[in-house]
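Here subunit A shows up in two complexes: once beside subunit B, once beside subunit C.
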Partner chain A sequence: MSVKIEVGAGGIPHNQILIYGLVGSVILIYLTYLNTYMQAPYFAFFGGLAAVVALIWGTDTIKHLCSYGLGTGVPSAGMIALGSGVIAALFGATTGIFAPIVTVIIAAIIGAVAGLMANAVVRMDIPVMVVSLIELAIVGAITVLGLAAMACGTFEFLGMITGQISILGFTITSYETSLIGGSIIAVIFMLGAIAIQHSFNACLGPGEQQDRTLMLAAECGFLSMIVVAIMSFAFIDRYAAIITLVISIIGWLYTYAKYIELSKRDAYAWLDAQPILEPKGGA
Partner chain B sequence: MSALGGPKQAGGIQPPTTMGLVLGIVLIIIALILAFFLVQMAGLIALIGIIIGGVLIGFGVHFVPVGGAPAAMGQAPGIATGVAMLAAGAGLAGLFGGAWAAPLGFAVALAGGAIGGGLLMAITCTMVNVIYVFGMGIPAASGKVDKDPITGDSFPEYKSQGTEGHGLPFISWVGGVIGGALGGLGGTLIYLELLDVYQAQLPVILNATVEQIAPIAISLAGIFAVAMFLINAVLAAYNITGTIEGPHDPKFKRFPRAIIAAAVASAVAGIFAIGLLELVGVF
Partner chain C sequence: MEEIIFGIGITALAGALATVAGAAEDVESDIGSQGDPNSQVQLAPQMGYIHRIFNKAIAGEPPAYGLWVALGAGLAWAFMAMQINPILAIVLGSALAVFVQGVYATTAYLGRTASLAKFGQPVYIDILKSMTTVTMAHAFVAIFATVAMCHLIISALGHPFPLPLLGLVWGIALGAAGSATGNPFYGKERQYQEQKFGAGVPISASGNIVRYAEAGQRNSLDNGFFSAKLGGPASGICFGLIVFFELWRTVVFEEFNIWGPIIVGVFVILVFAIIDRYIEVWARKNFGPYTAPEEASS
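Moving on to the complex of A and B:
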């Protein structure tokens, strides 16, 4: 890439975050497949962790893209990311064990078309547009697939559309009590969109630091994870859901504390700080 | 990639690049052929409906008076938020209206969607003006034209110095309602086309009745309609680059670019949505 404008200088290079984000999130999603091996959904939380990793990567991509000046709000990038992502995630989910890989490929196709349209037809002429929208679509797709896998314990389509309901001791299969039939996927969509668009929007401006922005992204990811963990009580085993919820809350508490710490580091002054020292000899 | 990083031409509206146009036409044709092979004639009709819906959304967004952050400070006319948020609001309201009316027939559902979207924008625009006039004490004045094309009211006397106009003139109000109606119409059209495809395929795949699979079909069609709505709205937002006052704004003339981009993006996203169920059970 020939043109490179950083919002806040320094930090980890974007390409490094890209590789760790992509490989890490795909491996974490595949770890939820342990549920199928063990016949118990105790590993559903890996889906949420995959979403958190993807969100950190996506926030850095948004930072990279928005440093060129889109002319419209930062949230628009998050909206197009999840818009492309949810289509890719649900299409990929129908391919069984290959779901995460197919999801990434389909998301890359949709993102590439959106990026080419934005650059060649709408004439944004931003050098990183195509690459960024590909990355964002993949991030959106992994976020949706990860959170969906976390809520219902599997990333396979048939698992997402069938649920069990017990009436008078009999367990029957019902499509209404499933992740997609119950429209939980719409909530996951919005939780992912809010998580991806908030961090950079909140931290941008003078003195923006990469570690603080990415910590906020992780915090938003865990916050979304808590909500999905509560919803997962409806779909997976109670103890598995409790494990998911505890991990989400611990992750959120840790990232929240770290974020406040980093904010205090970067802030000029804060309320419970030492009084601001007056320059000697009066102002 | 070579054609994308080209130098910016000065002034005027930059036309789409030849490569972008050719690529767009090729992609639409490929998508149409794929739709025909996957779901035969029904798929072809559904994809054409989706493309028309996407184009309506992309066109409708240009009517909506978007003010962004300057409008929040009373320094530019329009509603004080971004394009993606406004379009999503109008589109989702329209989609709810249309989805509710879906059992009453195609025409009624489309009308319901258009009225839903238009009604939301009418309420939003009215309340925005109530807040501007009675809360912030600023009159409505456009910065782009001297006279309101509909009412004939003159603006320059009311425009504060150093601003691009403020408040929400009547022409912008009309534009907002038209934009909301077009967006709602497009979103509902996408929803209805996808619903038809899923209601035809799901009972065969799952060996169930139409009533049993209704929650899945409605949820899938709804989430995909929302996703495509957001992709098209964001591409239109990139075309507008920031703020627009309504149909009288010079930026409105850029809409052909957004229509091409929306058609191609809808075709590619739509083919994945239509082909979603083809792979269920293959792996």
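Moving on to the complex of A and C:
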């Protein structure tokens, strides 16, 4: 049984973030379905926003889990989250309109199995392990599905495995130029895995503050959105990709500036080209 | 025969690119105190040693480089799918990946340092400005060389994987090579020069990293100079050899038998295991564990 280390007490309770995160991200993913209605991918950016919301929730979950003395385990938590998530997202995507719901259910099952294995077989005996891994798997799955929906304009499997290529003026569909055929899904996997763990990994320490960590989570999400938006130029309509890119850049600029402000608030001192301040009484 | 000679040429070129990438990767991560030296840099203020060392921890090196290279490769792939020239596509992809790396580096330094406010560690903005750019430059070299190598493997050697997937695989390998080979040079030979050679790091000396230079105060750029001398080239040779042997065994021996490359791969691993063991035993015999000096010198 590990000892629980308190990190940054106070702030919004975790269960509240969980509910907002789950409901918010599923609704946002469903909003990308407007693309199918409108027959144009102008609403692809909702997928990225779903990923941002999910990442904020996932960061709080990692903070919860890793407060049990898992210092170097923070990046691993991100990997297992997206590893479980990518399987659930790809399976879920094959179910058409039900994709987001099925993805969440499958991810919960995978996360529960992973959590039970970690507690019962590996004997880590962390009380919140099963619940946290369920949450992390769902977050990972929504992140993958959201960013994939943003890149190719749909969360349906068929859209992810068909791409267009123009040869000598003729446009033909091919598997090689699709999201999955071109392995862009691998890039999305890594983007999510680093983004989900980075915020807590970067902010851990005795002076950790929830608002700063969660602001960083949103920043990581928007940063991932920017690069996925650039890659989406290869899959969707140019104007739709520009809309996505502009929204992600605005979101990133806002959260990045806000994060620097919060870091300034929490830092001991904010110095430019100053010598080492030896603590009083000497080292 | 001609095909094999062509393949060996590409193999050598890929190996050379990998060597450059490995060297740049190690210098980049050491300037940022990423990987295993990070724990002591993180610990130092808690033990009362306030320092001016850059501390950017973005996961471990293998996952971080898995992302940078996969991202560079993914963006390059997307640009190529938009009918952009491959060389330009790889440069643009690597530049955008480096932008992401730089943003992650700044947020990591700010976050960790702000969370250590209790111990009196200030945020040094000049560190952030001067060192992030240097790590970005090194990361660009590492990412560009690795993505270019992956593109060569696919377009010239006919590897069946798409570019981003190959980038992910080789990016993780690059990070692992730099982390395993280069970091010990920096961590043990540079950070702990305050301790006697071979003394190890007793708990009482935890966090007592070198903070002052010969003149003035040391920052991570000084560590970059040191890494560029020993750790970087060592990591470069390590990653270059990995890439070279990996491709060489397939290019040369696949002609004879489909199992040829696998048998040669096992053989190469055995040869290297024997060499490593020999060097380890030799070093232990010659340098041995730390002992107190037998007589005080004058």
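Here is the rule we go by: the second predicted complex is superposed on the first by the 263 of 283 C-alpha atoms of A that agree within 3 Å, B and C clash if a C-alpha of one lies under 4 Å from a C-alpha of the other, contacts with A are read in each partner's own complex, and residues count from 1 in each chain.
Basically, a residue touches a chain if its C-beta (ideal position, glycine included) is under 8 Å from a C-beta of that chain, and two chains touch if they have at least 3 such contacts.
Just so you know, these numbers come straight off a predicted model, no measurement behind them.
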{"item": "Clash or fit (per the criteria above) of subunit B with subunit C on subunit A", "value": "clash"}
{"item": "Partner chain in contact with A:56 - subunit B first, subunit C second, else both or neither", "value": "neither"}
{"item": "Partner chain(s) touched by A:123 [first = subunit B, second = subunit C, both, neither]", "value": "first"}
{"item": "Subunit B versus subunit C as contact partner of A:90, first or second or both or neither", "value": "first"}
{"item": "Subunit B versus subunit C as contact partner of A:114, first or second or both or neither", "value": "first"}
{"item": "Partner chain in contact with A:231 - subunit B first, subunit C second, else both or neither", "value": "second"}
{"item": "Which superposed partner A:260 touches (first subunit B, second subunit C, both, neither)", "value": "second"}
{"item": "Touched partner set for A:208, first subunit B, second subunit C, both or neither", "value": "second"}
{"item": "Partner chain in contact with A:22 - subunit B first, subunit C second, else both or neither", "value": "neither"}
{"item": "Touched partner set for A:150, first subunit B, second subunit C, both or neither", "value": "neither"}
{"item": "From 3-11, 39-47, 57-65 or 129-137, the subunit B stretch with C-alpha clashes against subunit C", "value": "129-137"}
{"item": "Subunit B/subunit C common contact set on subunit A", "value": "75, 79, 176, 181-183, 186"}
{"item": "Contact set on subunit B toward subunit A in their complex", "value": "1, 3-6, 8, 14-17, 19-21, 23-24, 27, 68, 82-85, 88, 206, 208, 212-213, 215-216, 219-220, 222-224, 226-231, 233-235, 237-242, 257-258, 260-261, 264-265, 268-269, 272-273, 275-283"}
{"item": "Complex contact set, residues of subunit A against subunit C", "value": "75, 78-79, 163, 165-166, 176-177, 181-184, 186-187, 190-191, 193-194, 197-199, 201-208, 212-213, 216, 219-220, 223, 227, 230-231, 233-234, 256, 259-260, 262-264, 266-279, 282-283"}
{"item": "List of subunit C residues in touch with subunit A within their complex", "value": "47-52, 57-60, 63-64, 66-67, 70-71, 73-75, 77-79, 81-83, 96-97, 100, 103-104, 107-108, 110-126, 161-165, 168, 211, 217"}
{"item": "Partner subunit B, residues of subunit A touching it in the complex", "value": "2, 70-73, 75-77, 79-80, 82-84, 86-88, 90-91, 94-98, 106, 109-110, 113-114, 116-125, 127, 129-130, 157-158, 161, 175-176, 178, 180-183, 185-186, 189"}
